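In order of appearance the chains are A, B and C, and numbering begins at 1 in each one.
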Amino acid sequence: MTILPYIGRRLLFIAPQLLGIVLVSFFLVKSIPGDPAVLMLGPTATPEAIASLRSKLGLDHSLPVQFWIYLKDLAHGDLGTSWQTTRPVLEDLVQRFPATLELVTLGLLVAVLIGVPLGLASAFREKGIIARIADFYGLGAGALPDFWLALVLIFVFYTLLQWAPAPLGRIDLAVIPPPPVTGMLTIDSLLAADWDAFRSAAAHLVLPVLTLGLVNAGPILKMTQSTMEKMLQSDFSRYEVLCGIPHRLVVRHALRNALPSVVTIISVLYGFLIGGAVLVEIVFSWGGAGQYAVQGVLNSDLYPVLGFVLFSAIFSLFVYLMVDLIYLAIDPRIGH
Amino acid sequence: MLTVTHSFEAERPRPAAVALGIERLRVEFPTVAGAPKVAVRDLDLSIRPGEILSLVGESGAGKTTLARSILNLPPSPGRVAAGSVRFGGVDLLQLAERELQRIRGRDLSMVVPNPRGELNPLLPVGDQIATIARVHLGKDKKTARAMALDMLRAVQIPDPERRMKAYPHELSGGMAQRVVIAMALVCSPKFIISDDATSGLDVTVQAQILDLLRRLAIERHSAMLFITRDVGITAHFCDRVAVIYDGEIMEIAPRESFFLAPRHPYTVMLLAAFSHNPRLRRGWTVSEAQRRTVDAAVGCAYADRCPRAQAVCRRVKPPLGELAPGHFARCHFPVERS
Amino acid sequence: MSKVLSFLRIVGRIARVRPRFVVGYVIVLVAILAGLLAPAIAPYSPIEADPTQFLEPPSWKHLFGTDAVGMDIFSRTIYAPRIDLTIAVVGTLLSAVAGSFIGALVGYYSTGRGVRVWASYAVMRAADVLQAFPVFVFAIALVASLGQSIQTVVLAIAFVNAPIYLRLMRAQVMSIREMRYVEASLVAGLSDLRTIMRHIVPNAMGPVLAQLSINVGWAILLTAGLSFIGAGVRAPTPEWGSMIAMGFQNVVTGQWWPSVFPGLALAITVFGFSLVGLSIEVVADPVKRRALVRDLARVSLCAAPGAASLSAKSTP
């Protein structure tokens, strides 16, 4: 099987890529002004206290040495500590990353459910009314600011219609969250058969998932539509029509050929949204990983930022590996 | 003087009925500035059952447009503006898409050039042949697969069992061409259009493909419209030869008559261009006119390039006149042969 | 005068065939005009607040209402393009020029002799690493490290978008480089650089131009997003994103106008830029261009005098 050595080779490349990412982000993040020691101790701190805290934090070493220390800690699974939450970054991320993952995965699912059928419909009937709506939507969705759409949805469904819960996090304050297994509230509450928690978690997910889904359906729709059109006008599709192959079958074959492009854009969006859902997380006070990183930047709290970049980079690389494996399965031309 | 060195095989019975009748077919391509470009102009052509008619023309003469328009699939953005194509008692151009779909590939099929660009890259070639059998003949998967294997053997692909699972990009040009022929013939259609089926292939492979095509057509008693740019290869291959220029038939004649006594100046030039006699070549080859000055709607389309053209040729379009039994030419001043 | 008329006629024909293009250009034009003419047409100052008039709903006095501090939203909304468009356009142009230039070099030297090949490979791997960054966090970090100002926002946008043009240009150059006329130019003795500038770049421009307009739209969204979380343009400078942020809490309590109007303006402007980008894409892509030309021909046939006789001839 040529697959195992292929995966092996890819995994081998991931290590230096990650190293590069960590290197760049370390130096970038360190260039953000703001002395963490000063920020932690507050404005009344004495110079001696600041100096001793700086030396305790290792901030009086030179940058390359600090980087080396960071790498060593990384090898032991220590991503540093956040001075805002006063907890290890690893712990914070383990708690917050599943929140983002749950949100982004469901949002992308909704985006695919909206975008793919609309894209296909508009590729088939180029002059029909569905095609016009799909065209408009494809262009418009990419123009919508996601944080603004979130606000509009909150206004309509919470303020006006009172259907949705208040945008204050992932679950009602009155409801006890289920014991954490995966960190994703929906799955955990199902595993614990806790229906109250499940209903609350699901209700809180509706608006943010809808926001992400509506906005990201646009690029998926456009890619599906343009790829299907190209396939239906391609030489081999015309040849199949020439051979009298019924329309249904021609379409099915064209779909199969269009799959790689659609899969590509879904995977690109997936990797992008882990950090790109930040604004939606902030609007809904989601407590996700992106929000955590942004707060880190704005408050010169550096280790959360580094930790988040690392997590999201690993996730992206993993997604790309999965996608390449899917390509190998679909397209026989690759690997020859 | 050209000599035909291959002996003509015994005359096959010629029933009077017509396998495919094209009448006043007109195919146009829209342009930015005003009038559409006419690719096929009021063309008449009829092919008898079991007959092999060779259609010769240079690039851009309208051969592929004609071929695909017969199946009502003119190359985009062309459209069929007028005319009829009678096949099996119906006018194909008036049929709905659903009915056409049943005829295409089963009763009337086409062998396309550049096969590797036309086959579905994601499906093994065996499946592609079997699909046609399944769709048109209603065979189940196993039978269809067996038929596909038989066809691969019939087109003489080496190691057919292994090739069944091959993908188009794994095949050479010649093998892919054989696959496309297999797809065109699997349902034993009554009529085959072969569009430039041998271009881009090595000369030796060309000869093999030609022999193969002819043998399969004769075996199945199919009529064939054999389209090519190379007048030479049709010499031992067909029953009649037609020459197309700028969307019109310029000359059509039985094989012997065509090669022994060509009448149209363009035909003579074509034959001379492929001739081995350098004197002949020099005598008749005219450089292509840079600009089109004749209005092909009223005058003879070849007038710009014709060494024999007179004023009348530009003003009056010559009709396709019968100059000898079964031998037609569209010219006011046809070439006389001693 | 007649030139203007024939231009308008062509625009009219395009409007009939592809209305969306005309809509796009009109929107972009309106946005630019709003920014330019704001001082003349805005009824109120964009940064002066009238505390007695806070959170007024839309009325004839305040077309879009007022926000929590008492500033007129309509005036601020039409002043905002000055900031948003400037940042977006300058940032995008910067990224396009820098990215394309580096991309052209990288593509040109991707095969050949020695050191340059290694250098171009290294640049590509660096671009990979850059693009693996979560875009938003990267932009915020850049702004934070360089200090929060309009210039740094521009730089952040340029940095984030440069890899796109780098890859685009690189791909184009790599395919064009193989063409004959490039060989001819080199044989004729032109230096590498002049060959690139004279022959390769003009032919590669098509996709880059199409990308530019769409990118400006994204850049506006990014600017608004940055300002929304407070890492972009600072209040009280009128900017759509920060306006939406300021109205955030009010939306939840029912006063929707401080956030909804700027958001609408933002969405419509970005939409306009997408449409403009689409029109450039159609002109650059030969297949789509042919389709457009064919539709235009059909429309002009009906409109041209004497077309009646022409169309009569072509139908049976």
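Quick note on the criterion: a contact is a pair of C-beta atoms (placed from the backbone, for glycine too) under 8 Å apart; a residue touches a chain by one contact, two chains touch by 3 or more.
If you're wondering where the values come from, they're calculated on a predicted model, not measured in any experiment.
Among the remaining chains, B is positioned farthest from chain C, on the basis of C-alpha centroids. Across the two candidate interfaces, A-C and B-C, the one carrying more C-beta contacts is A-C. Taking the mean of each chain's C-alpha atoms, the chain whose centre lies closest to the overall C-alpha mean is C. Each chain gets a centre from the mean of its Cα atoms; for chain A and chain B, those two points are 56 Å apart. If you average the Cα atoms of chain A and of chain C, the two centres end up 25 Å apart. A straight line joining the Cα centres of chain B and chain C is 51 Å long. Across the complex, chain C meets chain A through its residues 20, 125-126, 128-130, 132-138, 140-142, 144-145, 147, 217, 221, 224-225, 228-231, 241, 244, 248, 251-254, 256, 259-260, 263, 266-268, 270-271, 273-275, 278. Considering their complex, residues 290-291, 293-294, 296-298, 301, 304, 310, 313-316 of chain C touch chain B.
Those residues of chain A that touch chain C in the complex are listed here as 17, 20-21, 24-25, 28-29, 31-33, 135, 139-140, 142-145, 147-148, 151-152, 154-155, 158-159, 166-167, 272, 274-276, 278-279, 282-283, 290, 293-294, 297-298, 300, 305, 308-309, 312-313, 316-317.
Within the complex formed with chain B, the residues of chain A that make contact are 233, 235-236, 238-247, 249, 253, 256-257, 330-333, 336. Residues 26, 28, 30-36, 77, 81-82 of chain B are the ones touching chain C in the complex.
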